[in-house]
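Each of the next two complexes has subunit A plus one other chain: subunit B in the first, subunit C in the second.
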Partner chain A sequence: MQNNHHKERLYKILVIGDLGVGKTSIIKRYVHHNFSPNYRATIGVDFALKVLTWDQETVRLQLWDIAGQERFGNMTRVYYREAMGAFIVFDVTRPASFEAVTKWKEDLDSKLTLANGKNVATVLLANKCDQGQEVLTNNGIKMDQFCQENGFVGWFQTSAKENINIDEAANCLVKHIIASENDMLQSEVPDTINPQLEKEKRGTCSSCFRSQ
Partner chain B sequence: MERLDDLRVEVARQREMKWLDMFCHWDKWVKHRFQKVKLRCRKGIPSSLRSKAWQLLSDSQKLLEENPGKFEELEREPGEAKWLDIIEKDLHRQFPFHEMFAARGGHGQQDLYRILKAYTVYRPDEGYCQAQAPVAAVLLMHMPAEQAFWCLVQICEKYLPGYYSAGLEAIQLDGEIFFSLLRRTCPMAYRHLKKFKIDPILYMTEWFMCIFSRTLPWASVLRVWDMFFCEGVKIIFRVGLVLLKQMLGSVEKLRELQGMYETMERLRNISPDTIREDVLVFENGRVCVLTFIMNLTLYLQSVFFLFFFCTVRFMRASNGTETMPV
Partner chain C sequence: GTGSPFSRTTALNMKVKDPVDIETLRTAAASKGGLLTDELRRKVWPKLLNINVYDLPHKPDLSWKKTLLDIQTDMKRGRMAIAMLDTLSNFHLRDFMDPTMDSTKHILNYLMPILEQVDAELHDFMIRAEVGTIFALSWLITWYGHVLSEFKHTLRLYDFFLASHPLMPIYLAATIVLHREKEVKQTECDMAMVHHLLSRIPPDLPYELLIGQAQELFEQYPPSLLAKRLTVSSTSSSGRIVKVKEKKTAELFRNHLCLVKTCERGFKKQ
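Then we have the complex of A and B:
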């Protein structure tokens, strides 16, 4: 962990939200730079990998594309494990998918926390903004307020179809993930020894040599 | 070459004749010569007779005959908005490149809507699960909507009870069972998955719930379904175990999979070549199709496997839902 400057960073990022809001499309746009109206419905979970250069470091993002139907929520505990960040996506043309955002956020926060007990960085995506129906998000101040109240680090109007704001949203998330990671590293006091009493594991004299 | 083609046509015709003969005395065949029926399903049902065979094997034809007019009745019901909404969103997302389902609002998508909706009316407590759509679509590729509906009912209630229910407990339990079977059948793959903390539900959910319809090359999908309709869910377990063995069963194969992501990538996108290698055996310049499942069947027929399988499935049957013969 000391060799921060040359290490590769690998982050697991979740993409969640109601079904049909465009999670798969966002990932395909971000990773493969294309869009198709013919993606299959995701069943269970799918994966994609994006490699970025960030401050001369290589950052690998492992994107987890999670099925949107409610009943797959029974498996989310396994999907969420060890994630460092998340996108919660809704469809601007469907108010119900926005109402589900808080439900997804609660599910996420209840099942996943960082080592320091904090929630993972989460960015809200208002997708399909190319459809000209962004009544929901016209009021930017209200959206900012919503993000603040619900613990999102930011929000973006996106369109996977027209490639609007996808890279920007991802950069925002990565920035916050790195910040929270640094935060955690700093909270650990370096170069300290934590002596512990382990009655069970008292070794023989020769084990002193083995351990170094 | 011409003679070879003639020979193949002749073999295909003989197979069809055998199946037609079985259709004439179906109950007797199932009752007294089931082993032979099973063997013929493993060899692959002739495509011209597949539709009828699936309906007989699953008993869905009987269900249809016992419930005349029921499907129409279900169709007339308005259905629950929350299910219809989800079903509509999924219609254009099933086999989007298949000619039957490619056109928005085309007859394939219409039929899909009809049977998925009818099922939510038929079993309002179960509703609709997204994994039912590909299964229903495969059925519709073979038979009219009413027949496909009763076949779907049999899959959801007799073959895979609980797989599509709200809590998805059955599929998660089968994931655990599958993983314990892997431990015994292919310890190397088991250790690899364990090492990278790859939980079974990360890869087997889609395999099992969609009965490999989105996973394998099409010819293999049909062969798997032929056996599945005859022998039930154990076929799904076996195919899954063979796939894992193929992909993770040797040191060389694992060498390139040095991480969780690489492994998942391999399991999610099974290259047809890795399967074809084992599926096809070249013999005297003539391609002899030998399904990898056949190898698997021999491989897995150890007493222990059957014993373990029976025990666990029996434990599950305590819910009163399990009826599949093992």
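Then we have the complex of A and C:
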């Protein structure tokens, strides 16, 4: 762990949420920079790789696209293993998909905890914000409150179609993942020093919340 | 010999005339090239499923009707496709219609024992990678329609599957994995990497060869033999939900659009 800043970081990130909220489209936009209006449900799981440069380090993100269908739930469990972060996605035009968010969060936390027993960093994505139906998310303060109550490190209004806030949301998640990783390293090996990264407390990063 | 496609088509057309010899049609559908034309498929597929084309229900049951409303704009009539999917959902695809995935998981469980029989080294590699079998999930549920880029390949596989045992799709999955044995072994022995590799089907697979190999595997290692090796117990077939739920029906329709499109002349071709 001594050459920490030369090491290549690989983070596994889960993308979960109800059927048809745009998980695959978000990944496609983020990784392949495009969007297809044709919908095809994901069956099982799929993943894509995104390479970032982060503070002069190479960071590889393995984005796991988990099928939204409930009945696949138990089958996809194995793919949660070793994930360091998650996006939970809902569709702003479908209130039911927002109601399911807490269910997805609980499910995630029950299947996955970090080595130090904490939950993985999770960012909430209010997708399809280009549709002009953001009734749900108009009240930013309420959304912030919802995130804090439910253990999300932040939330973003996103549009995979119009490429809105996808990079920002990913950066927010990566920042929290790195912070929680450093947290763990420091609690495991007290003399490890990570001079480049500011230590941050998880769960209170208001800078990630979208300013209205 | 199978002769030229033209003479085979003529010969097959003769065979479709009543009374039909189902075994002959079955052999034709599974043999090289399959049923060759959509015209023949429209005639033979229903016969393989024992559906009387002159006696189709005029009013499909409600669950089907609801689904149809969703896609009716594209389709003039859907009775044949409905009758076929209905039969399929109670037979070939029955295991995928359960509200839980237990039966589907059970079928996926046949994959590793088949691989173990043929290529123990490949099998062990996959076990070490802990890749699981979810990469083949969509192959089974959609009869490969979800992953194949070429419609003609999907049609060819439907000929084969309609004429075969319901477990044949998992034998084909095994032949695809075995066909890619070298690629798999050269991949990093890691769940993500192997899953990624296998879940993408290359565009140029030799389907006729693979179909033949799947048939050989099926004969050599029939399901009864493999069943002894399955580690996870299956749900018994009794007490399975036979009634197709609305939601599931819509999914079935989406997953097997290939069949709908081929059976219904009114349906716009891709």
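Everything that follows uses one rule, which is that the second predicted complex is superposed on the first by the 187 of 212 C-alpha atoms of A that agree within 3 Å, B and C clash if a C-alpha of one lies under 4 Å from a C-alpha of the other, contacts with A are read in each partner's own complex, and residues count from 1 in each chain.
In this text, a contact is a pair of C-beta atoms (placed from the backbone, for glycine too) under 8 Å apart; a residue touches a chain by one contact, two chains touch by 3 or more.
Bear in mind the structure is a predicted one, so any value in this text is a computation, not a measurement.
In the three-chain model built by superposing on subunit A, subunit B clashes with subunit C. Of the two partner chains, subunit B and subunit C are each touched by A:G44. Contact with subunit B, but none with subunit C, is seen for A:G20 once the two complexes are overlaid on the shared chain.
After overlaying the two complexes on the shared chain, residue contacts for A:T76 are found with subunit C alone; subunit B is out of touch.
Counting the residues of subunit A touched by each of subunit B and subunit C gives the higher count for B. Using the contact criterion defined above for the overlaid structures, shared-chain residue A:F35 touches neither subunit B nor subunit C, since it reaches no partner. Comparing the two complexes, residues 40-41, 43-47, 62, 71-72, 74-75, 78-79 of subunit A contact subunit B in one case and subunit C in the other.
Touching subunit A in their complex are the following residues of subunit B: 86, 89-90, 92-97, 129-131, 133-134, 165-169, 172, 197, 199, 201-202, 205-206, 209-210, 214, 261, 264-265, 268.
If you check the complex, the residues on subunit A that touch subunit C are 12, 40-41, 43-47, 62, 71-72, 74-76, 78-79. Those residues of subunit A lying in contact with subunit B across their complex are 19-20, 37-41, 43-47, 49, 62, 67, 69, 71-72, 74-75, 78-79, 81.
Within the complex formed with subunit A, the subunit C residues making contact are 99-101, 105, 130, 132, 134-135, 137-138, 141-142, 146, 192, 195-196, 199, 251, 254.
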